[in-house]
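Letters A, B, C and D mark the chains in the order given here, with residues in each chain numbered from 1 onward.
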Amino acid sequence: MPGNSDDFAIPVLGPCTIQSPLSLSEVMGDLIPNFVEEDERVLLNAVVRDGRVDTSRSFELAGPRRNIYFDPPKTRAGIVTCGGLCPGINDVVKTLVNELYRYGIASVTGFTFGYAGLIPGGPSPVVLTPEVVSDWNLHGGSMLGSSRGPQDPAVMVDTLQRMSINILFAVGGDGTMRGARAIWEEATRRGYGLAVVGVPKTIDNDIPYITRTFGFETAVSRAAEAIRSALVEARGAPRGIGLVKLMGRYSGYIAAYASLAVGDVDLVLVPEVPFTLEGLFAQISDILERQGYCMIVAAEGAGQDLFPEDDIQYDASGNRKLKDIGLFLKERIVARFTEEKSINLKHIDPGYIIRAAVPTPNDAVFCHELGEYAVHAAMAGRTGLVVGYWNDHFTHVPLVSATSRRKIIDPDGALWRSVLQMSGQPATF
Amino acid sequence: MPGNSDDFAIPVLGPCTIQSPLSLSEVMGDLIPNFVEEDERVLLNAVVRDGRVDTSRSFELAGPRRNIYFDPPKTRAGIVTCGGLCPGINDVVKTLVNELYRYGIASVTGFTFGYAGLIPGGPSPVVLTPEVVSDWNLHGGSMLGSSRGPQDPAVMVDTLQRMSINILFAVGGDGTMRGARAIWEEATRRGYGLAVVGVPKTIDNDIPYITRTFGFETAVSRAAEAIRSALVEARGAPRGIGLVKLMGRYSGYIAAYASLAVGDVDLVLVPEVPFTLEGLFAQISDILERQGYCMIVAAEGAGQDLFPEDDIQYDASGNRKLKDIGLFLKERIVARFTEEKSINLKHIDPGYIIRAAVPTPNDAVFCHELGEYAVHAAMAGRTGLVVGYWNDHFTHVPLVSATSRRKIIDPDGALWRSVLQMSGQPATF
Amino acid sequence: MPGNSDDFAIPVLGPCTIQSPLSLSEVMGDLIPNFVEEDERVLLNAVVRDGRVDTSRSFELAGPRRNIYFDPPKTRAGIVTCGGLCPGINDVVKTLVNELYRYGIASVTGFTFGYAGLIPGGPSPVVLTPEVVSDWNLHGGSMLGSSRGPQDPAVMVDTLQRMSINILFAVGGDGTMRGARAIWEEATRRGYGLAVVGVPKTIDNDIPYITRTFGFETAVSRAAEAIRSALVEARGAPRGIGLVKLMGRYSGYIAAYASLAVGDVDLVLVPEVPFTLEGLFAQISDILERQGYCMIVAAEGAGQDLFPEDDIQYDASGNRKLKDIGLFLKERIVARFTEEKSINLKHIDPGYIIRAAVPTPNDAVFCHELGEYAVHAAMAGRTGLVVGYWNDHFTHVPLVSATSRRKIIDPDGALWRSVLQMSGQPATF
Amino acid sequence: MPGNSDDFAIPVLGPCTIQSPLSLSEVMGDLIPNFVEEDERVLLNAVVRDGRVDTSRSFELAGPRRNIYFDPPKTRAGIVTCGGLCPGINDVVKTLVNELYRYGIASVTGFTFGYAGLIPGGPSPVVLTPEVVSDWNLHGGSMLGSSRGPQDPAVMVDTLQRMSINILFAVGGDGTMRGARAIWEEATRRGYGLAVVGVPKTIDNDIPYITRTFGFETAVSRAAEAIRSALVEARGAPRGIGLVKLMGRYSGYIAAYASLAVGDVDLVLVPEVPFTLEGLFAQISDILERQGYCMIVAAEGAGQDLFPEDDIQYDASGNRKLKDIGLFLKERIVARFTEEKSINLKHIDPGYIIRAAVPTPNDAVFCHELGEYAVHAAMAGRTGLVVGYWNDHFTHVPLVSATSRRKIIDPDGALWRSVLQMSGQPATF
């Protein structure tokens, strides 16, 4: 097992004895881009404190290796996209296909409608070639289709083995990565040398060890538009209140960044920072008095503790179902203020409009890079990993680490500080 | 005296003895964002090679300090924007003003039309308040106006002293930063405790020690649109050739990223990688034969060595004037191919359309953060610096370091590797 | 007295004896644009049937007159914007102000927050000059603010008289135009020579005698985006159903045009064409079977007869409150289909995001023209009218006619024919 | 020969004896859209002057007929797109294909790269089905490809006959329509019953009897962006001059509408209104003095008489080659002003960026309608015509009339009046 860190060691299927077909170099200064060296890693923590650096934890650097594990003409890959839609899925898939063909791989199979497409009797797979995917990046959503929910790992591995698939790319979120891990573990148990490489997808940007997830920037762009709309409404009416509910079940990144992008938000509510209704009312009251209107942005996971305890529901997987904080706040604010002095509250829940977008150019570049690095990792025999991005480098992150916890906004940190500085809201209320 | 340390040491005007008026905390876990610790730094190089990290060079971490140098009610700030337009200038200025008012500063003066506004008889300055700048972020360009060219530092410092300005923010590029350095050195010589803080602006993204400069992403977005247009033209005609000239005098970042964003570019020409005309013709010929059309993107600084030596001109400052590589390639390609078999070449030079854009939401957030950190640096008595962004943290970079060289694409590195993988072009031709 | 002619006669305050200060001409071919002739009219119906044209009804042509009624230096104008927001309000107001200043008018007052701003104790008016409004077109919504609900005409006329206002421009919808009419009738009763000119605003495009209302095109643009998002969702999931609810209380224009713009909508539901739930279910079932997904667009006024009779509510003005057809259909479709075979329904209600938009360039031109013609009408002493657009010309439409009924989609006509051809849906189900 | 007007009579291939397969009705009020009546026409001039209407000239109303000429299962159609790119070509083609399939036609052939695709040895045709074209509307340009230049009508008709094509749709401009006319005349001469139906494409909007051509609105949108960019540049520099060159060889519609859309243009130069250089300089001088910056928009055909006579060139077809008025004005203005007081002129020539755009939603609807009406016309045996839009109705316009002259801005009319009112420029200078 390679990797020199306890935490972020990446499993490798076997020795890399095949020479890479890519036209890269190992020489500096020859104007030919270089292969990545096997011993390059990226620090987890680049901050020096009191002159000391914590060098104990680092990630394997992603990138093409001089020697690879799989012999391309004898290698078959499969791609599956799962979970909710997110801008950029098709861009990732397009790049996966193109890069696999650059390596000269034998075939690429697209499983349709998520893990359901890996089950006998499920939706039929499609053959993917550079021609087939050439315009996929013009579309939002997933051209392969997606679905939610787990499937039996053993059955899925049966399918993969039956099709002689050597590499499986899974584009998806938390559940998808747990599924990928189950597939990988099942394959490992069988001694079936399957490379399982994840491209982490979560519009909420809540996966650890990846600075931002693909689609997040695009989501922020569209969310900012929704905030601008609500701001226009708030300013256009006497005692206007704009209220926008944005994605963010556990992490308020979209709410935070979109609010910073617009810059004229008065109250940003995120799951990471609790608040009381009375505190909120007092804030709104002050702001209306001072400014004539009030602009509020709430992540969907914010204020979940405000709902009555006996009202809590759990879904099939045992996850607590989120209550709709947007409608809740709308009702409570209207009820609270109408009794004293009329207000005009406009509530916007942009939801699907955000996630169905085509990625922004910057996000498209990021998708391209993620797809490319995922292929490099797989060809070099890495498995049980996702592609990460950390301290300005693409990295390999073990599936186990990537699914271990959620990345959340640190209320003590720089992002939340910027939000409070911009909004002028108190730290707690 | 202005410092010039290898370790990116930042000059400080004096001891920080005033308590910051910002409502921040020093306690972890209290849900109140924290001040930055004085001893926190960010590594220049977060890559571990052979288990070793180079800890010798690091940047001071940017952010609000518990104790500051300037007493806000007795402090006056000035802002100047210089050089070519770039998306986000107004966003930076708006945040500077808002953040200065949050500190409770006495006044903010906006100098108009660049350094010319610091010269007696030049354009008149304006008073900046949060109300004045509240809608500036809806505008492209610079609401303060801009101009090029140096002014006498002594005269500018006279003006600043006459107006009792304690802090000068300079938003601009290379020349602007050299001007800021001259002002700071002149002030230092006089013993005039002026904080000079730069916000580096270069649409080309060629400033060292800052992962990306503000406006760059927006520029890439618009450049990608231009490439898409040319691609549509190239595909719409028999033997169509699309040729887009993009900004990038010394560094091909816009050309590289915008090409990756579109993903269907065949040849990317940048200043960092030389090429021959005959090699280019051979490439085009092959691509037309294989694909029916050809898409070329050229940074304006690419191929400058292809122009006849005696044709080279220098501007007043002694800088070599760039020849128009777009028109040059257009003429040469048309001349070369028309003789054998007709082609349809469409040349697009989007130029000013790119730089006059309003920033994308993501860029707007970045502008906001840069403005905020610039104010924190100034209030803490830092001077002779620019705000940087490196390894996922905002940093302080000495003016001297930021103007010491240009950041260019490393032909051996990851970005250029991705470009070549995408385009399929050979490393050299 | 307020006129009420079948032939769209426009009341005039008195003889036009002042020469227009505009630099226009009455000569053809002199390269100077011409004044409008007093005897030019535009046919209501330009269709020839069996060789016959109905010439009995026509509109007065809008435009600048050689001789005007008001003496500009002695004339004061007021502007009020009422009702729900709509793209382009600020563009109209900006042009009104600019054009009034071109005539050399004494002053322009902006009443804030709708008719409430015309009531003593209400929001304060603002002085409007070309400088003040110069950037208003960069903003969505109404910079003057808006409000709903009627105010006492006598009190409003008191205010106007007290301020010596000669011309009142009212930008608003149905209710606003009824209010404008009441003001005009009250002024007429008092012998107070007030020109009341309306600029009809309704995002639903349901005002008669105006081909399209301002903001409508912009609304269609944004609505089309919402449909595209839902389409992406519908295609991205097995048996996916996209359901978009759009504005359109009485008229399905936004739903019809936005569906045509996207071109891949299967079912378009509008208030003008009733349908049954069972018919709808049968359609959906067929479409899912045939195509795998189904895209539905519903105007908010569609299917109101499907709600239980005893569930109907009326608002203060006696108008029937619309039920939420989007949520209703969502629930019913999910209930109906889930029992037989799982579906994935995604419901989008873009609402405020649509109406807060900045107008598209084409809409901006239209706003500009409407504002200009409104000023020409007022200066020529026309009153009790709105500016219309019909058969490619701007016209004068009596307030009485413009508020007499709603424009709706003709199910026998060309627009609905195009919708059915595109969608493939049967005429009735 | 049908048609009751001398001028706008539409040739018909023969009696319409086949019942239309479309599910339309002839009954009013049955909620089923109606067929068009054969005797419905649209007046050329809907203006009443002195109570009189000119009923002598009118257009046949476009739309589906109860009885058609072609028997769908025995009918083959071809589509060709020619000339410069324009937003919406693919939308038109997509609708043509879809509507032809709704009629149940036997096959649709797409000729590639313009009329060259109709010549033996030219580019190969493709089979068009609804599946093939389903995503074409997401692309700018022409998926069929385009080319310029005439081909021998006899050879093209040979090809059409050989392929048993009954209907040819030609999407293109002036030259294309002349080609279509030549094909139709050649077919008529041979007694070959070919329906030739044109969809007029000209981004300049200069085809008579069609209120606007498809793509024009989209072009105005993008042109407005270019103007905004130049305005930002002009305002951002001392004595800044923004100069934008836009399309418009003979007609200044894009320049006029885009300037109105932005609303802050000082000088609009169009081919229809001559000007002198000295007059222009005087205007610029005044505007700079008064306002500090100056914004100029020029259509490419403006000021062509300012070039030296002996400098005029003609192309192969004998058309005068346009000189580049943008570069010319740039040079002259810089030369003229630099001698007295420095200016900052920024010149933008957005060219291909404009024409390669995907159509705006409103334009997409228009393309859809044009495609639909073109099919209805062809199926009803109409030939030698283009689809027009006039006085709010779609019409049939003889090819001869549509190619007889160019539509230009009337300097005496309403559009130019609005432009002058907005810009404040004098009528002549």
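Going forward, a contact is a pair of C-beta atoms (placed from the backbone, for glycine too) under 8 Å apart; a residue touches a chain by one contact, two chains touch by 3 or more.
Only a predicted model underlies this, so the values are computations on that prediction, with no experimental measurement involved.
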Most distant chain from chain A, judged by the mean position of its C-alpha atoms: D
Reference interface B-D: repeating pair among A-D, A-C or B-C with over half of contacts shared: A-C
Between chain D and chain A, distance of the C-alpha-averaged centres to the nearest whole Å: 45
Inter-chain centre distance, chain A versus chain C - centres from mean C-alpha coordinates, in Å: 42
For chain A paired with chain B, centre-to-centre distance based on mean C-alpha positions, whole Å: 28
For chain D, residues that touch 2 or more chains besides their own: 139
Chain D-facing residues of chain B, complex: 85, 113, 116, 123, 139-142, 145-147, 225-226, 228-230, 232-233, 235-238, 346, 348-353, 355-357
Residues on chain D engaged by chain C in the complex (per definition of touch): 4, 22-25, 28-34, 37, 39-43, 46-51, 53, 55, 58, 61, 63-64, 91, 94-95, 98-99, 102, 134, 137, 211, 217, 220-221, 223-224, 257-258, 260-264, 273, 360-362, 364-365, 368-369, 372, 390-394, 411-414, 416-418, 420-422, 424, 426-428
Of chain C, residues touching chain B in the complex: 135, 138-139
